[in-house]
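Shared between the two complexes below is subunit A, which has subunit B as its partner in the first and subunit C in the second.
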Partner chain A sequence: MIILLDTLLVTLILTGFLLLGSSRLGASIRISALQGIMTGLLPLALEHGDLFSYVSLLGVAVIGLKGYVFPRLLFSALRESDTSREVQPFVGYMASLFFGILFLMGSFWLDTRLNLPVHSSSDLLVPVAFSLMSCGLFLIVARRTAMSQVIGYLVLENGIYCFGLAVVSGMPLLLELGVLMDIFVAVFVMGIAIYHINREFDHIDADRLSALKG
Partner chain B sequence: MSLLLLPLIIFFAGALLQMVFGRRVAVVRVAGPAITVAGALAGLIPVIRAFGGKSVTASLPWSMPFGSFSVEMDGLSALFALPILVICALAAVYGSEYLKSFEGKKNLAGFWFFFNVLAGSMLLVVTARNAILFLLAWEVMSLSSFFLVIFESEQEHARRAGWTYLVATHIGTAFLLVLFCMLGAQAGTLDFSGFSAAGMAPKFLSAAFLLAVIGFGTKAGFMPMHVWLPEAHPAAPSHVSAVMSGVMIKTGIYGLLRVLTHLGTPPAWWGWVLVAIGAASGILGIVFALSQHDIKRLLAYSSVENVGIITAGIGIGMLGMSYGNDAMMLLGFAGALLHVLNHSIFKSLLFLGAGSVLHAAATREIDRLGGLMKRTPFTGAAFLAGSVAICGLPPLNGFLGEFMIYLGSFKALTGSAAACPAAGVVVIAALALIGGLAAVCFTKAFGMIFLGEPRSDAAAHAHECGPAMRIPMLVLAALCVAVGLAGPFIPKLLIPAVQVLAGRQMTDGNFFAPTERLLTNISLFATGVLALSALLLVLRTRLLRNKPVSESVTWDCGYAAPTARMQYTASSYADPVVRLFKLFLQTRRKFVSPKGLFPEKSSFSSATPDFYRERMYRPAFNATEKFLTRFQWLQHGRLNLYILCIMVTLIVILVWKLR
Partner chain C sequence: MNTLSILNLLAGLILAPLLPGIINRTKAVFAGRHGQPVLQTYFDIFKLLRKGAVYSRTTSWVFRLSPVIGLAAVIAAMTLLPALSAPAPVSFAGDLILFAYCFGLLRFFLVAAALDTGSAFEGMGASREVQFSALAEPALLLGLAALARATGSLSLTGIFSASAGPSAGPALALVSAALFIVFLAENARIPVDDPNTHLELTMIHEVMVLDYSGPDFAIILYTSSLKMWALGALLVNVLFSFLPLHGPAAVACVAGSMILLSVLVGIVESIMARLSLLKVPQLLAGAVAISVLALTLVLRFTS
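Then we have the complex of A and B:
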């Protein structure tokens, strides 16, 4: 199981890097979907004993939402907006990757300092969680289109989810379902907002929205 | 289910259900007011029980941290809940017709939602027994009334009034928040029953008192904090003004009294503070009212005046309490509470009357009205009753409350246990001055609106309102008379509330016995006056029977062509008094005098903006804005950078903590 777990975790880090380095929005959505599926598989790879049925239910829900529903929503928003790639990010792709590595290092350092009561067989889980959170935040800050920012938000949530898995033994199912519900609504709203932003302004550059300021 | 929860459920659930299911115009017209009336009727049951000496309590499980949903209707709550329920119900009936002209143009379902929520939240404010619940109800009350004020939000003045009100009420709430945090931290609980003065430092108690005066005073309209009243009352629809001015501002008085019951025996200077605020609000309020040209603005300033009278009464009561002069305490508190009741009756009557004038002649400018007594006799009679009552003239109810405060003040001067004669003198002088000025103010208002000749076409073609607007005015006018005649029964109504304020049982009827005799005499005298008037009226009709009665123009010294413009105007009538107080009023006059033998053009106009608004709040807010503008570069509108700021802050904090 350790091998499976570590494989999943490493994939998560790599998908994070991929997102940092990709300019095509369609590809980004696919990668984020893959990342969502990986996070959905995570609880199955952790040993939970008697809670297995609950946890597997949760995993299925996560995979269904993050691997299928969100990507579909985002793709339809993307089609409406006629945008296919991030043209001028605030921070370039190479620089973004460099930051990603810095975040990973910082996450490991943070893990050693925090001494969290971790209920997991892998030492990687907490650093991966931190690095996903910072990657997500970085994507929100450093990208121009609303689509990339939504993806950043999803990555951030994946990080929080991993952290929850690591710290709370046998994640309270209801709580996690609540979080899922939250982001479902959030992504839904963002999708609609992107559609409307595009219809009103012919672009989905969030930074140009400051023209609305009174 | 407890009796007390039923009215609350009717108000809140009714408002919600009507908003969701009853949005059709025909449904809203009936359902909105019907919910208010039903809630009010249900609410009267616990009120009557509380007057009978039995408090009604209820509590529900509530998962709010430090909160508990505990409500209680005791004597003090009942005295404030009674006008809330009655006035809201009457205003709702009035509103069902008043709002007809807005049907199809405005979201009336939304209006009635906020109206019923306002009624329910006011009831909750006066019954809540937990600080969290109280503040929640307080905020719901402020917000729902804000939405009612901006009902005509397409007009700029309504939006501005709404903002002024919103800012003022939140500044007040900020003080209340600090107050309850202080009391709660000291008591270890936020339930009112846990608050007690025992073991608290005097400095701490005084700070709590001052916070309460500022926080609740903002809602009640104490003098430097009153600025939102003359803005918000004219902007709101008239029956909302009636509710806000008649009962909502009284929740400020209630809050102050309720907090005082938990602060123990007050030191004398607390009483002095309230006496000073009361005298200042009373005198300046009525002087500002005198100089207004807008009828609803005039009434709003008059509310400041009446709140001043109430506050002075409370001040006298507290001085009596701190000097151990029971008679003074009882009369001061009882007078203040009675005036709360009376003011809610006659001020809502006057606002409903003003609404009916506005409905009839489509203007609130006193100088554009006139002669309405002939065109709208019913409204005129109702307004007259309200005016007589608010001036504190004997046969009607306004006299009784002021009379009791006078009596309390005289107790400060005379008797064996004389205490604090100076305060007595201040209150007596202030009340006398207020009484005189109020008479000038309301003869101006009534005379200029209802007597003489119409000063504009709109006033000339005014029409009387329909039955749904008349009945509430009739009921209120009848209440003015009834309370005036009910002198002997009044102490029974007030004793439960005064006992709560005094913090002990008043089994000994000694204090009220002489007052009761006096009140009985007053009522007998009032009955006599009314009977005599009725007799004279009958006599007059009898004498005039079978005799020709003709109408002609006013006596005009033989001048051939008198016009309505030759009448006294409202500002000329008030001018001598306004000049007397020009130090405070700062009235701006623009006068172009006629020149030459055949003068062509001349004009005169005057305006009295609020002194405090112009000299105190505007500079202060401008300075704040100027200071904060320096930070506007932070508000660049780039979402990325906002999030970056948050992220950097989080990382810095994390690293700093772990370093």
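Then we have the complex of A and C:
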């Protein structure tokens, strides 16, 4: 099981790298869906034997939302906006990848310094969570289009979810479902926001919102 | 040094020109053509060896020296390479750095000779070769560092005879992925460069050797197939390092896997298009990222 868990975690980091390096928004949505499915599989691989039914229910909910519903919402927003790629990010793709490497090393370093009370069977879970969080934040800051920023938000949330899995053993089901509901509403609202940005500026470049200042 | 390691080295020296033939045959099968003979590279080398060489008047001794030095560097690298548990003819602590920089020496002289011809076209190819290998080299070295750390040995023979624990599985898979990208980039295969586009502005490796003719070009052809064999054998060693093979079986396994690897390269070339020139550094940076990840994982697991 530890091999399965480590493979999942390594794949999570790799999807983070892919998101940092890809310019096509459609591909980014697909990769983030894959990442969502991976995070949904994580609690199943973590083996909390006694909580199996609760864990699998949560896993199915996460996979369903992040692997199917969010990509559908994002793809419909993308289709309306008539944009297929991020043209001029604030930080280039090569530089983003190197930032990704820095984040990775930084999160491993942070993990050794923090001494968290980790409940998980793998040492990797916390560093992966930190690295996903920093990747997500970086995507929000360094990309222009609203779509990439929404994807960055999802990556950030995946990181927080991993962190929760590692540190809090057995969070109440209701709480987890509440968080999922919140993300669902957030992505829904962001989809509407993208639609409005697109209608106002003929583009989903969120940077143009600064033109609204008086 | 024993007979087995000599056998391994000889297998590489003799079978290496087979690899481009197998790649071309795989591509031909994919395209529904009959294709050139599998032994075409051997025929080319023997034909070129019988011809005379023509040297441009602008070139100097660097141009004539570089094929020989390149060939020597690649053969030196191959003597450091074991076949799974069969030891390499030469091995000492730290030989993995020598292995990486033998290719550096080969590249340096190839680039120097290309610049020596004074042709703008070759200078452009040299610039691209150096640019891409500057990114491929960290990926190769960091991958080797991860292997060294996982097995606690600093020589290639030690790395591949000691088996890393099962916890290093994901790290080994990552190193293999990074090495595969380095293999494709260093040998100028398709996602990085298309070896079939002679005299077009997209090529990297082929353009640097345009001024060579006769025996010199034969040596260049042989050197590039040896390079493909050496880097491919490194990848195969990493992939199959968990197999408990000993003796001639290990040598046969490496040689057989090299043929499978060239079929794989042929398939990659048939189903993928070459990346645009600006995307290639991104791919190589991805390889570096994968290597760093592998090294971080290994450091984490073994500390």
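The working rule: the second predicted complex is superposed on the first by the 214 of 214 C-alpha atoms of A that agree within 3 Å, B and C clash if a C-alpha of one lies under 4 Å from a C-alpha of the other, contacts with A are read in each partner's own complex, and residues count from 1 in each chain.
Here is the rule we go by: a residue touches a chain if its C-beta (ideal position, glycine included) is under 8 Å from a C-beta of that chain, and two chains touch if they have at least 3 such contacts.
These numbers come from a predicted model, not from an experiment.
Of the two partner chains placed by superposition, A:184 touches none, neither subunit B nor subunit C. Of the two partner chains placed by the overlay, neither subunit B nor subunit C lies in contact with A:75. In the superposition on chain A, A:54 makes contact with neither subunit B nor subunit C. In the overlay built on the shared chain, the residue A:90 is in contact with subunit B alone; subunit C does not reach it.
In the superposition on chain A, A:123 makes contact with subunit C only, not with subunit B. By the touch criterion stated above, A:114 is placed in contact with subunit B alone, subunit C being left untouched.
With both structures placed on the common chain, the touch criterion links A:141 to subunit B but leaves subunit C unconnected.
In the superposition on chain A, none of the residues of subunit A is touched both by subunit B in one structure and by subunit C in the other.
Chain contact summary for the complex, subunit C toward subunit A: residues 166-167, 169-170, 173-174, 281-282, 285-286, 288-290, 292-293, 296-297, 299-301. Residue ranges of subunit B in contact with subunit A, taken from their complex: 635-641, 643-644, 647, 654, 658.
Contacts from subunit A toward subunit C in the complex involve residues 2-3, 6-7, 10, 13-14, 17, 21, 93-94, 97-98, 100-101, 104-105, 108, 123-124, 127.
Against subunit B, the residues of subunit A that register as touching in their complex are 90, 110, 113-114, 134, 137-138, 140-143, 149, 206-207, 209-210, 212-213.
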